[in-house]
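Each in structure tokens, the structures are laid out below.
The following pair of complexes shares a single chain, subunit A, combined with subunit B in the former and subunit C in the latter.
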Partner chain A sequence: MNPRTFPLLATIAIFLVAYAICSAQYPTIFSSRVAGNLLTDNAYLGITAVGMTLVILSGGIDLSVGSVIAFSGVFIAVMLRDTGLHPLVIFALLLVVTTLFGAAMGGLIDILAMPPFIVTLAGMFLARGVAYMLTIDSVPINHDFYSFLQKSYYLMPGKGRLTFIGVLMLLTVLAGMIVAHRTRFGASVFALGGGTATARLMGVKVRRTTVQIYAFSGFMSGLAGIVFSIYTGSGYPLAAVGTELTAIAAVVIGGTLLAGGAGYMFGTLIGVLTMGLIQTYIVFDGTLSSWWTKIVIGVLLLSFILLQKGLVHLSTRQRGARI
Partner chain B sequence: MIRSLRRVAPQLMTLVVLAALVSWFFPSFLQIDMSDGRLVGPVIDILKRGAPVAILAVGMTLVVATGGIDLSVGTVMAITGAVAASALVSGWGVPVALILAVGAGMIAGLWNGCLVAVLGIQPIVATLILMTAGRGIAQLITEGRILTYSDTGFGFLGSGSILGIPVPALLWVLTGVLVALLMRRTALGLLVEAVGVNKRASALAGVNARGLIIVVYMASGLCAALAGIIATADIRGADANNAGLWLELDAILAVVIGGNSLLGGRFSIAASVLGAMIIQTIDTGILLAGFPSEYNLVIKAVLVLAILMIQSPHLASEWALIRMQIARRRAAREQEV
Partner chain C sequence: MLLTIQSLTKTFPGTKALDGVNFDLSAGEVHALLGENGAGKSTLIKCLTGAYRRDEGEMHLDGRLISPTSTSEAQELGIGTVYQEVNLLPNLTVAQNLTFGREPRRFGLINSRAQKLAALEMLQGYGLDIDVGRDLSSYSVAIQQIIAIARAVAVSGKVLILDEPTASLDAAEVRMLFDVVRNLRDRGLGIVFVSHFLDQVFELTDRLTVLRNGQHVVTEQTAGLDRLQLIHHMLGRDLEAVEEQGHTGHAPIVERPAMLHFTGIGRAGVIEPFDLTVHEGEVIGFAGLLGSGRTESAELLFGLRRAQTGEARDQSGPISIETPQSAIAAGFGFAPEDRKTDGIVAELSIRENIILALQAQRGWARPLPRAEQDRLAADYIKRLDIRTSDAEKAIGDLSGGNQQKVVLARWLAMNPRFLILDEPTRGIDVGAHAEILKLIDRLTEDGMAVLIISSELDELVVAADRIIVVRDRRHVSELTGSAVTSDTIMQAIAAEDHAPAQEVAR
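Now for the complex of A and B:
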């Protein structure tokens, strides 16, 4: 068996065990209603995490995603308020803007040879700053198309609602899986994560791939921003603060190596759902305070990293023995 | 002396340009008055308000010099503030509160350092763990409330003044000078740089790289504790949710504006501290100049990008290449003549 799949398998196993423990304590957690809510409540996080997974697979990091989500919400709300454009047109405009924004960051990272951390940090300030400049208030979205999107869901057996944004998240993860594991671009991303010099020797066009990676992340943050605006029904420049860190944590819990070059898109979905499950459990419990969420997520993060460290250590030793 | 002045010249020039720019919009920017035995004025305000980021930047410079990064400093500020405030509320007195807070900061640093140096986890993730979990711990200490206390002795650290100068301003200058002296008057600074340039090579050369990295993260924790104490003393209460929120990013930015490479190696504490003052001058200046505060972030982002472009190693080398080609062409032409 490939030791590289161990982190993914461990993630899935831990999620299933955690779900089983939660259901044993509160049987209602094991229902399609909770499952539906889990997907709906974490839809924007899941979509962001798909973009983040690709960035992290390439050995980079994107700190701007939370700000881009906030910017997207404000952009949509203000455009709907001030122009007569249809939401779908605005969505298309927004996705173009955020994709170009991501591409610009990727370009800067490669051209300036600066660490992604600091370039995307500047991007984070810029996106939130532009959101502030558009408005400093929370702008409500009242549009028939939005109510339609919010009300469209499939009633699962057990009266659970499989909402539009939940389905969109699942489809995004599927698309992300195809991009990361089944395309030439995905292979280049993995190669970059293994090392820039080796990737270049393998014939990967480093600059083009870097730009594409951050453009992909920008597109996904824009999509997450659309989903977030459907979810909250408003645009607010202070929204989604800290989402970048939650997304990074979800990606790491999902078994992707932060050094880049190893990981699975599907694991990220499980990572997002695991974090959602912890929150659901705390809500069901009712006596635990919200700060336990943070502590538990920190502990989970640590244990997954240690698990990965151990597995990488084991697999390198095995390989060494074989040689 | 001249060499170290040359090192911080870009930062000083940036400060002068910013001061001139703000004075243009707000003429009395550089004016300092005496009121109730303390100095008042925008510049004094900047020196005082910039204190937490400046102190964080001192510790962050050392961490960055080893090629690491410490995302947890803002959270550690919240933890140490909560520890100090709860000690004061329990009536244990100021000395105990200070010792406990500093101890908490050092323990936090020790934890980060061990994750990075002993377990070999990437610094970003290693400190991300404490950044996420730490705010939960701080809330656990304050039980989710804003802990307020009424101890004027402790409050002095945040809002008092000595010889008219605010105590926080004195504290950051003192911290910067002490750490810089410790680094430059001993071999410590050189060893830190050696670890940052190449950890394995320095370890092979006999540097205790592992121990040094742990110490550096502990120093960062110590600085965070100091910043946390100032923040808590300033508002006479510990707010686990908002104390030090996102200050780690400002501290990293200060270090980068100070011209220190995030990849590790040579560092200048003076430049980082000036970087912190640049950030505070921008923040205060935008408000004084009468811009709406919502422009703050965009201006900050543009400035950071400009500084990044100037510092970029890639552009610098390409620039050098172009200059060399020009020189060669000129030499060839002169030979023809």
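Now for the complex of A and C:
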């Protein structure tokens, strides 16, 4: 079996075991209601993580996503308040803005040969600052179309609600899987993660690909911002602080190598759900403080990094034996 | 002619890297491109593959004028290149690597089944029976090299440039690679073969072209030249240094006092316990195939790997070689095989590289005074004849031979009594090669002992007083005095049940 799949299998196994343990303790966790909520509550995080996965696969990082989500919420709320545009038009405008924002960061990263960390850090402050420029208050969103989106769901057997944003998240993951694993663009992303110089020699158009990767992440953050605004029904410049780090954690727990070049989009979905499950468990328990979520996520993250390190060690040893 | 290059000129600020060079290649031949470092080989190749734009001259492929501006354009024109370090992606599967950029698609999506079939088809005729669904990194360098060739041939298919493809392969793997190259030649490709190994040039190539200082020296049938003539063409000066060198080795060693005793040094799975006595002023050679345990033996002696058994002693009692620090404290030095990644700090200056080990020993609290640093650097640049404009130049800008001299200087500054050199002349041109060997000889006059690990038998024969042959992770025999010849070493390496074919199959 290909050792590359070990982290993904480990992720899936951990999720299933954790779900089984939680269900054994609180049987109601194993219900379509909890499953539906798990999807709904983590929809914006899942969509962000899809973009982040692609960035990390290419060996980069995007710290701007949390700020872009906050900017998106504020942008939508202010536009709805001050203009008569239909939300769908505003969504389209927003996605163009965030995609261009991502593309610009990708362009800077390649042209200036700067580390993605620093360029997207600048992007993070910039997006957050622009959000503050638009408003410093939480702006409520009251629009019929929003109420419609918030109320549209499919009632699963067992009274669980499969909401619009939950479905959107699953569709996004599906799209991400196709882009990452079944297109030439995806192959170029993996190639960049394996080594820029080599990728260039193999014919990857490095600049174009880098711009596309960060544009993709910008688009996904914009989409996550839309979902977040539907979820919360407002726009607030202080929203989603630290989401970029949660998304990175979800990607790594999902089995993607932080150094780039190896990983699976599907694992990211499992990573997001694992983190959501921990939160749900703590809500069910009722006596545990919320910081237990952070502790468990910290431990999980650490063990995944150790697992990956071990696998890299194993595969180099294996190769050594072959030579 | 498949490819003709006429009066190609490329100028860099301050130097003329290529000066009116002519080169031609016909279909179905292997053509060696030879020259010292800095002769213009890599500049010529880079002009050909589109990495550089030429200043003057013409290049014709199949009678058409070409001027590639990028590697991918050169590939599309039909010129494929395979480099020493495999330029494929270790994190992708063999199939993904082979079909990269030309993946079979259905409805815009990659069809992975068709991709594997296409990859298998591309590998046909190369004698590889491997699972193309596995990661590239799970295969040996030799197999990766052949996969890289298969890709280059499939993508380009007219001219194949092999830039030092054999540098990290062992003898059996080289043979496997040569079979592939001959096969491709018979299929009508024109192959340019760049190598430092003259034996391989004589074995494989039909014609050869020698460059020197950016100028074309000679193009000849390989069979019509002998080794000495070839070296003469490459160096353009007499090889007295190398020949003179030959007389200094193999001095009787009996009267030299023993300096270090290693007994039963070993580590499970790495090397079986071995004994070694090092005498003052002696040059010991470790000979063996890649992976035989020769480098590993040296690593145990220097504490880079911890020995599980055995002990080290000198005249005054036991010494510790558990870590490199303790080995250095005991007066050992080690110049590793991979100079670029383990030996030098490319961004630092020559001076800083020279004082590195000395400063490390003193600790950060007692910096070496700048005047002392300058004196040391100037002294070694002069003594070792390091060719540089000044001591503050970044070491990465020097040629391989001069980098190696700086690494030597670093250890000499520590005044060691036992210096281990792993492949000291790898990737170094013939001229610098002779100089390094001469240098080693001079160092031992003051009583320092040197251990050389090398895959070039001639080099060991010239430099070493005593040869220890390592095979299958065991020290199998020792040759001294007049018994030290290429033939006897080769026999010792090849003795018993040694089956080279298995090296590859593993």
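FYI, the second predicted complex is superposed on the first by the 323 of 323 C-alpha atoms of A that agree within 3 Å, B and C clash if a C-alpha of one lies under 4 Å from a C-alpha of the other, contacts with A are read in each partner's own complex, and residues count from 1 in each chain.
Note that contacts are C-beta pairs under 8 Å (C-beta built on N, C-alpha and C of every residue); 3 or more make two chains touch, one makes a residue touch a chain.
Since this is a predicted model, take the numbers as computed values, not measurements.
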Taking the superposition as given, does A:I226 touch the first partner, subunit B, the second, subunit C, both, or neither?
-> neither
In the superposed arrangement, which partner chain does A:A187 touch: subunit B (first), subunit C (second), both, or neither?
-> second
Of subunit B and subunit C, which one contacts the greater number of residues in subunit A?
-> B
Does the superposition put A:G195 against subunit B (first), subunit C (second), both, or neither?
-> second
Contacts of A:I248 with subunit B and subunit C, given as first, second, both or neither | first
If you stack the two complexes on chain A, which partner ends up touching A:G203: first (subunit B), second (subunit C), both, or neither?
-> second
On subunit A, what residues does subunit B touch that subunit C touches as well?
-> none
Would you pull the subunit C residues touching subunit A in the complex into a rising list?
-> 71-72, 75, 87-92, 96-97, 100-101, 103, 105, 108-110, 112, 133-135, 137-141, 290-291, 506
Given the complex, residues on subunit B that touch subunit A span 69, 115, 119-122, 124-126, 128-137, 139-140, 144, 249, 252-253, 256, 262-263, 294-302, 304-305, 308-309, 312-315
Which positions of subunit A touch subunit B when the two form their complex?
-> 61, 108, 111-115, 117-119, 121-126, 128-130, 132-133, 136, 237, 245, 248-249, 252, 258-259, 289-295, 297-299, 301-302, 305-306, 309
Which positions of subunit A touch subunit C when the two form their complex?
-> 2-4, 178, 182-184, 187, 190-191, 193-195, 197-204, 261-262, 315, 318-319, 321-323
